[in-house]
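The following block contains the structure, expressed as structure tokens.
Going in written order, the chains are labelled A, B and C, and every chain counts its residues from 1.
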Amino acid sequence: MAAHASDGGTIEQRLRMVEDRLEIYNLIATHPPSADTGAGEHTASVWTEDGVFDRGAEFPRPTGPAAIAATSTSAEHRRAIEQGIAHFAGLPYVRVAGDTAFAISYIQILVPDRVGPVFEVPNHGSSQGFHVHRVAANCWEFERTGAGWKIRRRAVRSLDGSPPARDILRGALEA
Amino acid sequence: MAAHASDGGTIEQRLRMVEDRLEIYNLIATHPPSADTGAGEHTASVWTEDGVFDRGAEFPRPTGPAAIAATSTSAEHRRAIEQGIAHFAGLPYVRVAGDTAFAISYIQILVPDRVGPVFEVPNHGSSQGFHVHRVAANCWEFERTGAGWKIRRRAVRSLDGSPPARDILRGALEA
Amino acid sequence: MAAHASDGGTIEQRLRMVEDRLEIYNLIATHPPSADTGAGEHTASVWTEDGVFDRGAEFPRPTGPAAIAATSTSAEHRRAIEQGIAHFAGLPYVRVAGDTAFAISYIQILVPDRVGPVFEVPNHGSSQGFHVHRVAANCWEFERTGAGWKIRRRAVRSLDGSPPARDILRGALEA
């Protein structure tokens, strides 16, 4: 499955593919900081004009940079930020193919726990800690544009034992 | 410690090493999707014929692709999947050396929490959240084969304060 | 934002930048193993002479390799290790610029939970699980030295809803 990375291609082409891969890592890595600060302008800058953010049937499904950015600047989202919401990204699976790329990744959403017991950890202070609110699977589709790699589609589904998240995860298992 | 990456080597050799490194990242990144979907065929495809999956004394220690794949397709594991098990991989330490490579990584195993209080997070729905069941240290050994990089050995030990996990973690601290 | 990775530069320069980037990933990835084993010697080896570890106003602010290493070899920290402390690093945002680099990353600090209920997960044993003690934002500054990349400054702030952590996270959102 991992055999074809360096199949053929000039040094220039192979190096470009490596650089592309690292840019995709950075693009995924900026999502949590962007979400946790409500950075609407930044969010808008990383989506293609026809970008679709698919959070599942129970949430709105915004299309285009402005609508997608609005989800992270709403009063509701702002309240989540004030409560200390943290998006936490795991190691993604990433594959680049010419001017498109895709990734499968896990994300945790955590919030400070204000109801549980206080833990004291030597040399690390005391706190009620954090509650893992969601663990979700993401499928990302990227596109190379004149202004760098952008997100064309992100689908996210909660890992709650139901099939949709598993359908996303299978995208990382190209034979 | 991080000094020798580009010591000597032709452009071709150095580029190959970078590509190898990125393939190892993908190989580690496919483990959670594979485990969380019970993808036996995929699991079998990423292990060498003599591969050993060492989970510690309290678990079986399967050898070879078929036996290792069976651990993720068993009825027991299937039940864990139906309950919503999620493997979550952190940033791994990876070092490539010719046709072998190794990595030290952390993994969390989470499950939906069905006993705790419901948390409501603005703009992010409500849920009982997830329970972090295990945090473990992994030592991976990889081998380049005609069919790409494969796993020859993975040892995993729970981070519960006992020495075995720390012995694994020290593998990332080559001076 | 992700547009400029391959702007100009010779093959040699571009390849070097890619190698640098991967070394930074490894440098960040060795932090948890180092912290969770109390590896003072290793910790000292990865900081510049003028390195500053800024943990916020409520903690000491050690400067230089010896003082920084001492934070992970103290009796207090040793007690945290014996209790099973685990640092868990997410996917970092990393940017290399010549002989310096910086990264923005998230980290979780977990400890075994000794007060909560026991969870049994099929095929994955039973445990009281782990408590997420802290989720924090890190800003790292790196410097190329004759002995490889080293850390010149690390600032870390807890994601508890207060502004300092968000100020750090914005560092990943270069327009």
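Just so it is clear, contacts are C-beta pairs under 8 Å (C-beta built on N, C-alpha and C of every residue); 3 or more make two chains touch, one makes a residue touch a chain.
In this text, all values refer to a predicted model and were calculated from it rather than measured experimentally.
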item	value
Fewest touching-chain hops separating chain A from chain C	1
Turn needed to bring chain B onto chain C - CA fit, degrees, nearest 5	120
Inter-centroid spacing, chain B versus chain A (mean Cα positions, whole Å)	20
Shared-contact residues (touching 2 or more other chains) in chain B	11, 15, 18, 83, 90-92, 105, 131-132
List of chain C residues in touch with chain A within their complex	1-6, 11, 14-15, 18, 21, 58-59, 71, 74, 76-77, 79-80, 83, 85, 90-95, 104-106, 108-109, 111, 115, 131-135, 137, 158-162, 166, 169-173, 175
Residue ranges of chain B touching chain A (in the complex, touch as defined)	11-12, 15-16, 18-19, 22-23, 25-30, 32-34, 36-37, 39, 41-42, 45-46, 81-84, 86, 88-92, 105, 110, 112, 117, 119, 121-125, 127, 129-132, 147-149
